[in-house]
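Letters are used for the chains, namely A, B, C and D, taken in the order the chains are written, and counting of residues starts over at 1 for each.
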């Protein structure tokens, strides 16, 4: 039996609903239909009354989640595509994210954002919004890259007493498979050495992890051992694990699918430069998508985001520095 | 701690219209005295940030708070000092929040009208207008999940905030879920300086109710008797499971948008019209006319109110400032996940 | 380039009801044939991304496009292939955008229904529902600034999108500014899988009009004659300066939300009811019944439509893919201010 | 005669309205009332019909601006406080910012955001949102720090064919004065050496520039010559000027009033580390506000944001590295 990233997300929600009566799911078409991506398939039947269709009202969906959380519930909000969270942005960053700090009342909501690019999806169904949410205080931002993490981190997201922005990558939904669901998990906020190496630290997260791993594989034939770090969570960001890896390799390349200005790669590079300057044998480097909206045509899309090819080129350049 | 601020006699179940009026009037008076105190402290330069008052809106606001019970949800807005007091918010909460006392419910982190005790049903507004309505919806849905019935969630909003997308999404949401939401629209004819004509084009804001499929009533917001009746009925209907209720009150803000604003833009015809009446005076006249109170009683109540407010202010003014070194600077409940980044 | 796509006979000023019907029917037919072609290409795996069709909504959509003139503004939505063609969008624009041809108006950067030529009055929708209405308002305000009168801006939206805050803010804005906005609400009873009962609680979406202070009409969206009349009147009233007009049409989407969706959730009673009629068939029956066209004419028109579509598809399929190396990757019109960051 | 930062903003708008019939202003209370901060005082009288009160509808305000821009107008949108731009966020980042790239039609709108903290303003009237907007492709983000720049950059913002997010700092509105309006200006996108020095490059923007200059002044007595760079514009970001300064000083400290995760300081440090690694004699450092909402009480507020004191401490630490 094998299980996909998407099925892991469904399974995690089923388990959360089963284990905790405070959990409910609210989102457009999540009920009988099972969601645009089928991440809630059959859950409305298995958990009657607890998987609720929402009107096309992202602001009200997220506001409702906060109100329910105040009363002790643990809502999971499915935004149909991450891109549409812009219309619920205010409730996330100003209502949910400030609640605990202002009132001492925790806000345990999970916002599922089907994120990232897939071929042919265009400017409004492809966005990677982790940097926006990570910039605001009061939010936890998860970016699982594996089937196992999709499952265990979603369960943790629901269990955490703070608002969690759960960036699940649509490209991984069907592509990525594992043998079974995990029985144990790393703690939240800990990055993972996805592959050990000694020549260069390649930091990635979400779908880019798999491009990074492919590059590491490829460069073996060139005699290069790349260490790949999977951030798992971009806020909190596990600087220690990254730094320890850079201490071993002396070289840092950080890759992200989001836009180049600011964001995860800037944060990682800035931290390593500020706190681990002496560990570096070469300038820390970053690679992001291009600074335009995400293009529709597959040929443009493939050139817009980093790929194993462009990452490998950047890694080779860095190894020569 | 809520529901204990007023003297026990005034908070007991009201037995008559007379009692209801007196109770409401005393709350209105307390709110007015508190507002006046804040205004005078503001003029003396003793306030951090802005001061936003509910002058002229006390009858409506108090009626909301009084119609609610312990266990209900209330999300007051800018001009709801009276409703807050009626719902049971301690005067101290208001004063401490305005002064930024670390002992207040917002612990100096947030201020003035941005205060509440969410766990006691009193939500703490964020500034973004319209954003609290769906939060009330969520609290009500939670109650439904828990099988709690007979509960109501009330929130107040201005004419200007009806133009926000958040308002629209949330009212529609409440209607779709058939939640016991009571939405009080205080049409004070201005949003900051912007008059109704530049804010909406419907004949009455009440015309919006049918478009959401919710019940709607209008009321003269300067008339306490009318407010107690109409708001009370709306709350009862919601409590009885008859779905969201919208109440549109007509009144005037008898102060600036904030105390920095002289409100010179307010049309003088409006000021002179019945809508410009001071609800506190109107309520007082009713008390006299009905022989429910005499001048001595009123002066005694005012004295009580002044004393309560002065005591609270004096107490808070002696409280320490917040200490940035004692502040934990952590926005997360899960402290171990905080970055502690500076 | 717009307003030249159909054969000259069909675009001339219509002289009679018969001509209007024939013209509209031929546009509906062309839209249907184009949609069918896209659906079949999708099934063959020849499409990038999704395919979203307007099947069942052609009568309404075509009526909007036909009521507009050169110089008007039109912001079509997902299911408006017919309205686009009627407004003058070339079939090639649709095909090129769906295929992501670099020669199309969106130059492979955006796709499927996200196309337009803003400078020719045809706005290119973004996906976020409700967001185009205020853009139309802005275009109309610009015309007012320039002293241009007699202009109309039309936009279409679904039942689901009425729940967005953007819808609310924009309709209110149009009303406050008294803009010549014609807002067509296509109530096809579902938003993706979500039925009306989970989307709103008013009896009819038309009940929203009074809450904005705008005129409202309803129409049977399966009936071309009714659509031509009601939409035409709404556009005339807006053009005459009588402010925003809302039209609520009742109909059914005769396809999935996108071609990936089998729409099995659609209630079979609705499918069987009059609202589930195919507007194209209804229009065809009218043509026969009125003796405005015979089977031979219709088959000739269909042949013409098929040929137009096949030609366009064949042409576009021979067009090159976009070349990432020729793409300038610059999101700014001020090229010199671009960061060129990768 | 002296002119404040706020008066310069009003003067720039008056001049834009006078010079270009395509300009109009739209925002809450901007008409007869002259705006919450009086930045449009008397403009409705001087330019009848062109300074228009908006309903409390940020989404529709910004959508309207885009539509008007398509038709060749040059709208200036005043958001009452930057913090409220969250409810118009979608129209900025997805409608305005993508228009040119998608349709080849420029989108010359200016969005004025009264930004940043002032004492007693609290979590929702104090935010610095430049990083959010800079992350999205298709926007220009200006952060003027001086009276002269407030004037000339606002005029440029209106003249530019792209959407400009104009972050004007409320703290500077009345505090900051100049002798006269400038007659010439540096090009958009160019940073400025606000003070020459040789020991350390202190990069700042907006209100933080003045804290930085105070620090530079203060450290003279310690024999330290700090070079202060005023970014002026955070997107595009003038990496060349920063890099040239670091080449002279070997040390970089970047200061911002926004939250610590991501943002301007991360971007500056990451760029210098990646492209100017060998210029650095010490790890590049950054200083931001704390990672919580902006507090209400002045005593907390003063500790939340960087001040001359905390910047001086960071500078001294860096000088010893």
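Simple rule for what comes next: a contact is a pair of C-beta atoms (placed from the backbone, for glycine too) under 8 Å apart; a residue touches a chain by one contact, two chains touch by 3 or more.
This structure is a prediction, so every number in the text was calculated from the model and none was measured.
In summary, the chains found to touch both subunit A and subunit C are B, D.
Minimum number of contact steps separating subunit A from subunit D: 1.
Chain centre most remote from that of subunit C: B (centre = mean of CA atoms).
Separating the CA-averaged centres of subunit A and subunit B is a span of 40 Å.
If you average the Cα atoms of subunit B and of subunit C, the two centres end up 45 Å apart.
Taking the mean of the C-alpha atoms as each chain's centre, subunit B and subunit D sit 36 Å apart. Counting partners per residue, subunit A has 55, 57, 59, 83, 86-87, 90, 94, 97-98, 101-102, 123-124, 137-138, 235, 237, 261, 290-293 as the residues that reach two or more other chains.
Multi-chain contact residues of subunit B, defined as those touching 2 or more other chains: 106, 109-110, 114, 126-128, 163-166, 169, 172, 176, 198-200, 330-331, 338-339. Contacts between chains leave no pair untouched here, as each chain touches all the others.
Considering their complex, residues 163-169, 172, 175-176, 178, 197-203, 207-214 of subunit C touch subunit B. Across the interface of their complex, subunit D is touched by residues 73, 105-107, 109-110, 114, 116-119, 123-124, 126-128, 131-143, 145-146, 165-166, 169-170, 172-173, 176, 330-334, 336-339 of subunit C. Interface of subunit D with subunit C (complex): residues 24, 50, 54-55, 57-73, 75, 87, 90-91, 94-95, 97-107, 137-138, 140, 160-162, 188-189, 235-237. By the touch criterion stated above, subunit A contacts subunit D in their complex at residues 59, 83, 86-87, 89-90, 93-94, 97-98, 101-102, 123-124, 131-132, 134-138, 235, 237, 258-259, 261-267, 269-270, 272-278, 280, 282-286, 290-293.
Residues 47-50, 100, 102, 106, 108-112, 114, 126-130, 160-161, 163-166, 191-194, 198-200, 265, 321-324, 327, 329-331, 338-342 of subunit C are the ones that touch subunit A when the two sit in their complex.
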